[in-house]
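Encoded as structure tokens, here's the structure I'll be asking about.
Order of writing sets the labels: A, B and C. Residues in every chain begin at 1.
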Amino acid sequence: MSDADAPLLVAEGLTKYYGRQLGCRDVSFSLYEGEVLAVVGESGSGKTTLLQLLSTQLAPSAGRVRYRLRDGVTRDLESLSEAERRFLFRTDWGYVHQDAALGLRMNVSAGANVGERLMAVGWRHYGRIRGTAAQWLDRVEIEPDRIDDPPLVYSGGMRQRLQIARNLVTQPRLVFMDEPTGGLDVSVQARLLDLLRGLVTELGLAAVVVTHDLAVARLLSHRIMVMKGGEVIETGLTDQVLDDPREPYSQLLVSSILPA
Amino acid sequence: MHPLLQLTGVAKTFTMHLQDGIRLPVVAGVEFAVAAGECVTLAGPSGAGKSSVLKMIFGNYRCDAGEILVRHDGERVDVARADPRLILELRRTTIGYVSQFLRAVPRVAAIDVVAEPLVAAGVGRDAARARAGELLARLNVPQRLWPLPPATFSGGEQQRINIARGFLPDLPILLLDEPTASLDAPNRAIVMDLIKEKKARGTAIASIVHDDDVRARTVDRVIDITRFSASVPIPKFAQPCGTL
Amino acid sequence: MNAPAYNFAYLDEQTKRMIRRAILKAIAVPGYQVPFASREMPMPYGWGTGGVQVTASVLGPDDVLKVIDQGSDDTTNAVSIRKFFAKTAGVRTTTHTAEASVIQTRHRIPETPLTADQILVFQVPIPEPLRFLEPRETETRRMHALADYGLMHVKLYEDIARHGHIATTYAYPVKVDGRYVMDPSPTPKFDNPKMDDCAALQLFGAGREKRIYAIPPHTKVVSLDFEDHPFEASRTPKTCALCGADDTFLDEVITDDKGGRLFVCSDSDYCERRRGGVEKPA
């Protein structure tokens, strides 16, 4: 199996208990480069726990996560040193929080927010850092004259777009998204989704998108995983699971959408 | 000469868990093949399972039994057993599908909706848009509509966007679900020409067509789906929910 | 004078040994902030307790001590600390940079180049260069451990974005021996180049924050900057009104109510030398 054919991220039997409370149980899947997996479920489904396990922000009670690094070697993420993990997070991964304030430095200018990762990997030319930051702001449709404003004065949608730019500037191969459109106005959501869709395709990003919104899953993902109470109910091709749901819970979820 | 598309013993049953687990068998033992350059049509009354069969070929519906073989990369691949990655690849390179209604994504310009499959297949965006424009022009979609998202277009305009999108790439198998339903006579004629051109290029086409005229001019063989009826046709009220 | 009431240099021998161990550790890892058990001193925090503890630990009976505050031997601070050591250690004191073997300083490095048998002790208020950007100690420790200094450059970037140039004029961060980013204490950035490849041992003590760090002699010390905004050791483009020097760091002195002012060397000893002055009694 050639390198490009090997999966990028592999979850094997991921399980997390908070004391006796189940977070999620026995989740396994493979994610390939350029593939988007949506993890859908209602509150308490375990989808956010799963995202945190995959991005090593939580340690699993059982199971493991393996990731193929840029050098082609697949490593168990548990075996990485903290330095390696932080480097990974800064260069090869992105994490888009539902609340953009968690993923940004609110008091630092937008340009510095986007440029930080570049500076962290050794960029030392102010003009080039600023230029690259400006390009990315343009790409996420933020007006260029806002580059020196801190996100504190941005709207929710702009903050989210800035968070995306900040994450993508180092051209990561894998992006984790936690309800990326949560809490935004509908028109703002549409714009953001459109942007995400375009960027994912253009950059060949692999992504794991946690959402409770099936329309977001339909729009962004190739595959979908339905979760409930910490268990995986159904998984498969997105349009297949949404148009021909097999499991009772999946059918319930799909039929619960109110038509506009 | 091997057919490009072959169905053997294909069966589908819907289990409606929300309605006490009623099982609604749709089709069983579906058997037919389509050769290159051939256009077959699936015939039968509403609810007989025609759309379901097309959707199973496209991998949009799951199939409970049987095989759906297509020629892909020089090999025969069974869509019914293909994993999601393979199905996505098949849709990029082998099987095209023109659904009955355009699913309009907000904010994407009509021309980009049409060009998207080409771009996904690696064609440069400008070249893809140019070709999309040619086809849209042929389908009488005025240029002023090209930069607009199709959500506000009329039914007929939306359908022509849908057709352009499906007909633009050069895929060996094409599935058409009522392609001319919302079109007037002149546009119907154009679509018929497009179908004929595809056939001339060796595309295998499976279609659902209600218009006798279109059928007469494009279809080589009729496949009566009622032959494969499982028991009763799906009542309209129990159609599975694909409202998204 | 009742000197016998004090142990040599005020601190007990065990404490001095503990501090010397911390100093050795600091020298072994240049620029790294070593935690130490800072003692209660007979002056409050903010008055140089860190520097005093370091000086007390390295001082020997044959040492000659100079103490300066903003370059001057004459200010309250400098006078008090000098008297403190005169009383508790009985060492000879001087205002003469070239004559001193140990120099304790607040916020300036002497203009006179230092030599291999000298020790320069800095008084440090906040040792952590990243503190104003990252308030969590847990996080800054991790950043130093992983050499994760992107945030430091974010601060410099912000300066340029806001002011068109790097606006930091004192306590300008440096990278020591190519590894640790360090706060040189609130010395003017004009003094940064003096730390690089310095023949003397440079020790830094923060009493309230309980940290000691060091730059061993002849260590590479580089001020952080951008390729297209390189570091400049800028000074007021004036000459000293007393000695005529045009290459020293100057203090501005207001002379009257009508806005009259003149500039004089901040380093009083250096200025005096240039004027051919006599050594003043300590």
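Just so we're on the same page, a residue touches a chain if its C-beta (ideal position, glycine included) is under 8 Å from a C-beta of that chain, and two chains touch if they have at least 3 such contacts.
This structure is a prediction, so every number in the text was calculated from the model and none was measured.
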Notebook entry, point to check: Looking at CA centres, what chain is most distant from chain C?
Noted result: B
Item checked: Chain whose averaged C-alpha position falls nearest the assembly-wide average -> A
Checklist line | Averaged-CA centre spacing for the pair chain C and chain B, given as whole angstrom | finding: 78
Checklist line | Geometric centre distance via CA averages, chain C-chain A, whole Å | finding: 47
Checklist line | Whole-Å gap between the CA centroids of chain A and chain B | finding: 32
Margin query: Which residues of chain A touch chain B once you look at their complex with the stated criterion?
Written below: 32, 35, 190-191, 193-194, 197, 201, 214-215, 218-219, 222-223, 236-237, 239-240, 242-248, 251-252, 254-255, 257, 259
Check: Which part of chain C faces chain A closely enough to touch in the complex?
Finding: 142, 146, 148-151, 153-154, 157-158, 160-162, 226-229
Margin query: Please output the residues of chain B touching chain A within their complex, sorted ascending.
Written below: 15-18, 55, 59-62, 84-85, 87-88, 105-108, 119-120, 240-244
Checklist line | In the complex with chain C, residue positions of chain A that touch it | finding: 82-83, 86, 90, 105, 108-109, 111-112, 115-117, 119-121, 124-127, 129-130, 147-148
